[in-house]
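Below, chain A partners chain B and then partners chain C, in two separate complexes.
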Partner chain A sequence: MLRWACRLSGLVIAAMLAALILVLANSALPAIRKFGAGFITSSEWRVNEIERPLRGPDGKVVMGEDGVVMEILPPAFGALPVIYGTAATSLIALVVAVPLSLGAALFLVRVAPRLRIAGPVSFLVEFLAAIPSLAFGVWGLFVLAPMFQNSVAPLLRRILEPVPGLHWLFFEKITVAGRIIERPIPLNGRDLLTGSLILAVMILPIITSVSRDVLRSVPRIQIEGTLALGATWWQSCVAMLRYARSGLLGAVLLGLARAAGETMAVTMVIGNNNQISASPFAPAQTMASLLANEFGEATDGMHRAALLYVALILLVMSLAFNVVARKLVVGRPSHAVH
Partner chain B sequence: MSLSFKESRRRTASAFMYALCAASTLAIVTVLLMVAGYLAWIGASSLSWNLLTTVPTGDVANPGGMRHAIDGTIVLVLLAAMLGVPLGVLAGIYLSEYPEEARLTGPLRFIADVLTGVPSIVVGILGYELLVVPVSRLTENSISFSGFAGAGALAFIMIPIVARTTEEMLRLVPRSYREGSLALGATRSQTIFRVVLPGAFGGITTGIVLAMGRIAGETAPLLFTALGSRLLTHDPRQPFPSLTLQIYTYATGPYPEQRRLAWAGMLVLLALLFVLNLAVRIVAARQARGRLH
Partner chain C sequence: MPGSVSMTKTPARIETHSRPSTPVVRPIPQADSGQYPLIDAIKRGETPEPMRHESVQSVGQILDIRNFELWYGATKALHGITMPIAAGKVTALIGPSGCGKSTLLRSVNRLNDLIDGVRTSGTIALDGKDVYARNVDVITLRKRLGMVFQKPNPFPMSIFENVVYALRIAGERRKSLLQEACEKALRQAALWDEVKDRLKASAMGLSGGQQQRLCIARAIVSEPQVLLLDEPCSALDPIATLRIEELIIEIGRRYTVLIVTHNMQQAARVSDFTAFMYLGRLVEYGRTADIFQLPRLRETEDYVTGRFG
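The block that comes next holds the complex of A and B.
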């Protein structure tokens, strides 16, 4: 009896994964059929039909017999801008968070126990991992974004703008009436960079705690061996990092998976604009924030199917990150992840 | 000479990196304390008794309180736990107590781990497709957002977490307990119910309460399932309010008074989570002590 109840509950977990993949794939089917693999390389995202004057190759409006010739742009859906947004924010977040986390993990394993502060610091890091992402979003929206808008971004602009070759950081080219003009990017603090930094703050605890556990499992004899050979503190740390590299890669991948799937905080500070801009000061959009913004209002069938296609890509991507990460971090107690 | 130069350079490098490691620890702790501290500070200044007892007025200059949202979150979490706790605990027992079925439990454990990493917005969309769309078709309503759908999405997040913590806690019960019980003639189920589960009760409860805290802070899974509501309702067949949804709506809205409410609501949520965590730790510690004596 009990065995069957337990087995059934276990199978529910397998069914949950199956349901995720099958239901999303099935609902996204119209979009998959229509756009195929080209979905991930197209950057058009037009929910509604647009009618606009047709322009010739010279940029001039084409005149017909009865006035201006109009062209009708049908709705189009492509995921490239949000894939770019997700990749860019996650990568910037990793670049900021990984060195800090690894440094802190080394400190927690090699230094803190001697100072008797390993317990309190670890507790802090883990407690902060339990803060809901909405809290980071509220903080980002009301503290980080205004700070960027009022002080950080203007300061960076003053320093970097005169530097030759960095012009693109603060100007964007847009098409107005068939001509390409250049205008300064409004620095309102809600942009790709702010989104990335919020993500960096949010993935600090998970990368720190997982890599701390990984480093802790490095055999003592490895460290003592290097020290006996005359290595300095840092050289023995390098040996330690090298010994634990696959587990550390797993920790980084777990952080990456969290960053890529993070929704609320990013949605609140990234500016929500489906565009690819070279400048990190321009508003952007990630897969998760696109879903949070548009899914509730997607009444049109193809729009919804396209969003579900995005959700499916996001799911498959984060499943892949998680599978690889967990294969790398073997034998690590699971509570560190939760 | 050159050797000693190398030597001193290597020592300086080491000291430098040591300082960097200490600095990064300090940086992490500072940033995270800043976030928590700022939320508490601003939140506390907008906190009032009305927040806990009154419902939205509809007037943006004097928006009322968040009683409906607090009730909503409590109801949603309890509903999710009613589904998630039994399934999660049973699955956890399966993963831990039936080693002879390792061919099934091995992959299941891995799937449970991977499921904890699924983005919560994707879970929300699954909830919409599975619990909102079919019900709308059935009842011929326009769109049947409901508290039940929200609780279902939260349970989805809860089940793998509860299953894995239950398993970990059961594994801490010494093997000899099980063997003793079986040697006295108890069946497998009797052993699990009378010996193993009571032995791990404190740990499992802690895990469940922490999982409840985790889902109480979730927003994304509720966006397209519970939807949120400005009314005080306890009927889960209706669109349902939650603290997180209300905070999100207020925080991203244009009205300063509502933004203040968002801060205060966030503080209430964090306080709720903190008290939950603290209570669980105290109770678990007391139980562990009681069993030793």
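The block that comes next holds the complex of A and C.
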């Protein structure tokens, strides 16, 4: 009887996931039909039809008999900018968070127990993981973004702008009236970099706590083996990291999955601009923040379908990260008691 | 055959003598029957003077353990251990589980330092210098000692990198020197012929016995002054055990070896000197042949013949 209840619960969970994917795919169907795989390589995102003067190859407005010839651009949807935004923010977040997390995990496993503070520090890390993302977003918006706007970004600009080859960090090229002009990027603190840093803070706890568990399971005899050969504390830590490398990669992927799917905090600080810019100081958009921003006002059928297409891509991606991460952390499935 | 091994070190008589099915019938002694005055004293918490044969004093020493004591927190694990270790010989530590033989071994390279709440008193002198002296650099000390553990613990890297690990962490980069050292260590560990064609393969793919010989090669690559073996065969099958024992005898010609073992036959086969420990005390210490054939204490005789402990 209970066994059946357990089976039923298991089935319900599997069915929920299946239903989620099916409903998403079904609602996104119009967009999938219309754009196909080209959706992920196109960078146009035009919700409404645009009518604008037609320009010739010389950039001049084409004049017809009745005056200016107009062209009409139909609505178009492409996910490349948000895929880029998600990838870039997640990557920068990982670059910042992984070294810190591994350091913290090593501290928790190798140093804290001796100082008898492993318990409290572990609690803090787990507490950090439980803070709602809105709280991080508010902090990002009211503390981190102004700090970037007023001190960090201007400072970086003063230091980096004169460096040859780094000009692109602070200037963007845009087309105005058919001509390409260059203008400084407004450094208002709400940009890709701020979004990435918020993400880094948010994925730090999960990478730290999973890495801690992975490092804790390194056999004692491995560490003693290196020490007995005359390894220094740091050399034995390196050996420990090497032994646990696949589990640590799993921890990083779990962090990546969270970074890719994180919505609220990023939406608040990333600047929400559906364009690809090389500079991390330019506002950007991630898949999740796009959905948060536009879904509420998406009344048009194709707009809605395109957003759901983005959601589907995000879901499949996160699922893939999680599956791979789980494989790496848990290893091959063991034969449990049935 | 094991016979050929035992012949090299000890007379064959030991094997018949140490077999549990000896025809001599003796009543199973009771704990406080008065047969074991030393053991009884130890059980009362005393630290009686052990039976130290003259033979252990007369040889050149490389390690000199004097009045060494160790506490795990409030628990005292080693009581007044005084024993000289002969240079260039194999010395075995035997005794029932929990008698402190592994603790003593791990005290030599200060691996016990890693455990919380460990305190020591007394001295362990390596080449006349106390390893617990304040100015001793533990890292340098451990580079002078090799250690092999109960379970093979190859690192998750290639066979080659495993063997030269000690040299690598010491900063050695010269490829030719590393290759030379690797081959030499693997030859000494009797593993060269089996792995010479796959030095780049992962060490995790070797069999248990091969892994343990790899660990021995890794421990001797920097030519340590003393090789510490902590029950090196306890996780191996009989054939692999035999190979390791042959290897220990071979290596014992070049290095000073201190080996902890549960297996009395093993101690008899591979060692020159044997120390019998009980509840953190040294009980009897002498030439292996004497300990097994002419022990001076009833305790030792009954322990090595399997009637006690």
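As a working rule, the second predicted complex is superposed on the first by the 324 of 338 C-alpha atoms of A that agree within 3 Å, B and C clash if a C-alpha of one lies under 4 Å from a C-alpha of the other, contacts with A are read in each partner's own complex, and residues count from 1 in each chain.
To be clear about the criterion, contacts are C-beta pairs under 8 Å (C-beta built on N, C-alpha and C of every residue); 3 or more make two chains touch, one makes a residue touch a chain.
It should be emphasised that the depicted structure is a prediction, and the values quoted were computed from it without experimental measurement.
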Query - chain B versus chain C as contact partner of A:Ala239, first or second or both or neither - result: second
Quick check on the superposed pair: does A:Phe171 touch chain B, chain C, both, or neither? Answer first, second, both or neither. neither
Is A:Leu227 in contact with chain B, with chain C, with both, or with neither (first, second, both, neither)? second
Item to complete: Determine, under the contact definition given at the top, whether A:Ala104 touches first (chain B), second (chain C), both, or neither.
Response: first
_For A:Phe123 in the superposed arrangement: first (chain B), second (chain C), both or neither?_
neither
After superposition on chain A, the chain A residues reached by both chain B and chain C are 232, 235
So, in the complex, the side of chain A touching chain C is made of residues 113-114, 219, 221-222, 224-232, 235, 239, 242-243, 245
Interface with chain B, chain A side, in the complex: residues 1-3, 5-14, 16-17, 19-20, 23-24, 27, 99-104, 106-108, 110-112, 121, 124-125, 127-128, 130-139, 141-143, 201, 204-205, 208, 232-235, 237, 254, 257-258, 260-264, 268, 288, 291-292, 295-296, 307-308, 311, 314-315, 318-319, 321-323, 325-326, 333-335, 337-338
Seen from chain C, its contact residues with chain A in the complex are 109, 111, 114, 116, 139-140, 142-143, 145-147, 149-151, 153, 155-157, 165-166, 169-170, 215, 218-219, 222, 228
In the complex, chain B touches chain A at residues 10-11, 13-18, 20-25, 27-29, 31-33, 35-36, 38-39, 42, 86-88, 90-91, 93-95, 97-98, 101, 104-105, 107-108, 110-123, 125-126, 128-130, 156, 159-161, 163-165, 168, 188-189, 192-193, 210, 213-214, 217-220, 223-224, 244, 247-248, 251-252, 259, 262-263, 266, 269-270, 273, 277
